[in-house]
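Labels for the chains are A, B, C and D, by order of writing; each one numbers its residues from 1.
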């Protein structure tokens, strides 16, 4: 389903009055405070987040799955959904593919479809947590398996993913390893780490020089005693042994309870080692909920670190990849993605409003109360008019979800694709 | 596959020498300390744990599932597997069925098969966390759903489960609710609780007078913001409103990080409110690992509370139900169950060896060091000869896993049922 | 140090222009949306939070303490500090005393000082976690100690606290028990619970009929294996055995990792069992940080439950007690309290703005996305002009911390009381 | 109080019979299994753990402290207590001093006292988490403070500690930093890390060439938002920037909930980066309970990694430092230390009994069940006779606590030093 641009301008003109009023008030206020409003708007407009191909269908849990209807049945339909998201939000212009779920049958057709929709190909994702028809099984691990034949198969698969990505114009490989063990003794912890290091070295060598490797960490699940790459320290250790183009990917849900994630971001940027993000939110574990829905202040604090780290020159903003990675068990995936993009934009905008000079003064002088006030001054602001203005200027809808619902998009998708269509994914 | 009893006696005679030596040494020592060894053995022999019908196939995670081969394809084969377990271990003599996975097609045939195998029917389990063909969907909850029609369907299903159980001679209904919400605001927390209370009341009323309801709690998963019955307090609140025959079921994996589970057991027994256990183990969440494989000392401490609570008359031992509830992702389920039964037996045996009189003296006198010594005195003992002796006296195998492997049971099951057979379950 | 009211009006007139502008814009907008702005303002004005007497000096950790200077040296100076807070914020009009730290030497003098300052006496706090000169030691517990003599002393102390409170006009007794154990075996879990129940029964009986008992729970610290009252379920169990006037006190820091606290609030209100709050915030444990500084969204969600529970008639708003309970290790305590009062007000105001009718519709209809939008619509708003307007109307300062700093209050207190003065507390 | 060696031999001869019986049975069994019993005994005899000087008095919590009586009043008495421990257990032959608490007034007298008692000086500990009279305050940090003057003072203090250690023959400096922040915004996360790195560099340079630096990490407390060195990854990052002699110190209580500590040990050994241990145990946070009292299986698994890492040549056993670091709030510190030494010995002995060849086979072949059996085979054994035999052969007491109590040591210490004597420490 393709959105006609008329629909957006009709929608926007209906909301124009109330928006203009709010935006005028806010922009005047910001200008008085010395904020360069145009520059601010531009930063928000420029900030684009990739959407993974597997996020367009309903997700599930180990207890079951409830389909949403109208899910994309193939890569073409996935691109169409992202195109729709793009038109509504102007906040996403690339897709992250997952192999073997998204192997194009016709590369040039897919490339021209993507180009038509204005969508590029973000980092590629390999899959060695399921058996996809190879002769060896990943039941007990892949890149870190104790059997050389299994590791070889997993390495070959990753290299194949790189090859596919090269044809599409992707520039990165995301490696998430489910490898680990369920019971003490099951795995030799040091050997498994060493085998993983060796396997990653082979894959790294096979990557083109202008690619980067994004190495994810996760403390548990689907293995419940140990994971070979459980934390940023281990991911970092491996990346450093690989080379400059291997960096650490932070998935917000992949941490032990109470972890200070913004500090991990700061520590990675301190070393120019941050590959990028998988945005989602969680209350308990890798819950894969909509980013910002549970801990919005944490998301804001992460953006504070990102902005401060890039402005201070620790690590370049452009070197960081941004992707949503959530599971949509009870929401329409497209609506959920719009909520996620909005929460990311809001958090980013608030973080841009932090008076960093004042904050630094408080930090240097030990004014703990003042530093907290400084952050709250930005966090308590209602920046939605700012985010909306940037979206409208970019050609998006003033209220994407409202428009999506008024156009009955899901209903249309269901009549087009069926109520039982099922997208590949988890 | 049925085990001939000859195999067991052959096996046992091979291990007799080394066992006898160890058992003699231990029993002499215990006798000298004043332990009534016969009574001790009898308690261990009498202690039987139910096995759930869904534990006989490979489990999975939301990321995938790796089959084990030779999994039981129907209820008859599930009973056969439990019969085998029973013969090997003499530690399990009942099965807990899950509806709709285990609806018998021929009740009298199933009952005579069970009776032949010496297996009885433990508590029944209902399933409202998946859509099983009803007109209403449980996507947003069942007994606590905001829609009356959904609640009615879920109540009717539970009552149907009771009816099935009555025909089989079961005496209990286990209710685990996946109900909850993924996002703040999604659910009215108080209304959901009230609807759940109302639904449970209807089910409770439909239960025969000699049945008990076992009401499980769980803090999260598959819902990741809130669960309607998250903790023992809520389960207890609901049970008290239902009546004397509703009690709280403790699943070891259903707790927040760092929870003192043995204290929950003590507090429930204090009120005569403990329905029973689902045994498993976990390092992170509801990992469903083999019980005792991660935190064996915790399992021992739980048994200390169980023994002390029953000996002190807080709650009768006979009123408590025992069941294993783990997921076998990387192990042969039958071997895993044997390991679980062994760890339960070991923990129980060690807890029986605690010198409770001495411990009470330390507690009263504030001898903290002495109290710890008292528990360690029991925990550090090697009680495996004791557990083995009880099993041999009961007719089981000296080393069940060794015998199981030497008989190549799994290989036989695979040739009988196929490498791709898949048992119902998660 | 007493604040002259001129200072406040001078300060307010300086900030008048910018405030008026923001407030006009917001109130117009709210009015257009159908909000009764006067009623809203009134609710915020009426909402008052008690301050504990021990929060006026620097706190510490087990690793040490860094004094702040100018700390109140006696009860009179504590009242003076609270009077100052009251004048600046108009958000607190009562003090919660801690015995034996705050035993008045002259009751009528204290009462008239309090009355002069417009401060009343909130719930009294007993102390059985330290030895305060009694013949028995609380090293191994107080109300739940295995020794009757210790329990008797602790009961007597609590009754004495009630007596002191009666003379001052307090109407409540807060009981926080540090009782528990550090090691498995140290304590008989059921006996300790029973002794605690018996001791509380004696204290409850000694309370006047118009008093309430606020029974706190805490999972760990200062005991690190078990706490006798670890969770709301145990507190609730005890309260129900005592009588209608015993209810459960929620301290925000007293929960295991990942606990859904707003659900506990809802569940307590469902039973009319919520005594009140100790406000603070935490990232790891009972960190006693400024409320709202770490998880502001959680605080908002708690207020959503409080408002919904009282508006639905589950439990009356007036029956709930409100108190700050934080530790000020690195901040000026008075500034910290002002930040806490502001965050509470902001959270309360945002929660009042939730469109509950719309939310309920979403909940009933299963519109998960809509429900989240509903909460975000309120949470993303900048309500600081509203909170400020309420404060100004109440006679407080437009910006309390700014005024406090411009008056150099701490410097004055130091010159008055000395740089080494140390307030009683932790 | 000095223990006469006669007392030990008297005690041992009383317990000889029962011990000999158990030891004969066990050693015969081990020999039959092919274990070199003499080598095993020798390893246990050789394994010595340092005791910190601050562990000899009662510890406390932020809520208070209950003295134990007879606590050592000065360094001489601390050495005497450790001498006593040494004589009883033969498991500790060194002390770890804390400066400024333990600055010797007369170096040569202290050195000859230590030499007389057979005690050497393990790693030195600096203290920058309290103000010890310097002109700058550590309230907001020390080595990572935003103020150069504070950092300089903290660096100078550490260098002074090295100087003191040199005079005593110590060969290591343990650095634990309490530095961090309580609130978001308070600290510039990257700057604080950089300042810490610079300060540590200065200290490292001042260390003699034959010293090592043991750099501790801790996620929280006494700071509750962020800690500058929160995890092994950050500690490792800093150590690598310092040089080969800086390594990561693991304190068992310094981890987030559910952390797999044995994996951290393996990962550190993989890089030859493990400095050593602070032994204690915890259920919730940095509870500082007796090691092995809460999670004995975890302690065993850690020793499995240590043995496997050293036997495989990943890191030399001799390069690792061992120290107890617990807090004794409710136990006699000397008894607690004896319990800790016993649990360490038991865990070490069990880990030595793991059939590593069989385990490796299971790991390589993917025999998950077999691997678990392998570990349980060692863990379930009662190794107390082995530990006891090693202690007796070393000249220690068969049952140290029993002898300690029969000699009424604490009573004697109280009469010698007074009931109110208070040792320096927390």
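As a convention for this text, a residue touches a chain if its C-beta (ideal position, glycine included) is under 8 Å from a C-beta of that chain, and two chains touch if they have at least 3 such contacts.
All values derive from a computational prediction rather than experimental measurement.
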Chain C and chain B - chains in contact with each: A, D
Contact-richer chain pair [A-B vs A-D]: A-D
Whole-Å gap between the CA centroids of chain A and chain B: 40
Chain A and chain D, separation of their C-alpha mean positions in angstrom: 43
Where chain D touches two or more other chains, by residue: 139-140, 181-184, 186, 219-220, 225, 257-258, 260, 283-284, 290, 293-294, 297, 330-331, 368, 372
Contact set on chain D toward chain A in their complex: 139-140, 146-147, 181-191, 193-194, 219-220, 225-226, 230-234, 236-237, 256-260, 262-263, 266-267, 269-271, 297, 301, 304-305, 308-309, 312, 314, 359-360, 362-366, 368, 371-372, 374-375
In the complex, chain B residues that touch chain A: 60-64, 66, 129-131, 137-140, 178, 181-184, 186, 219-222, 224-225, 257, 282-285, 287-290, 293-294, 329-331, 426
Touch list for chain A against partner chain C, complex: 22, 25, 29, 257-258, 260, 283-284, 290, 293-297, 330-332, 335-336, 339, 343, 346, 368-369, 372-373, 376, 379-384, 401
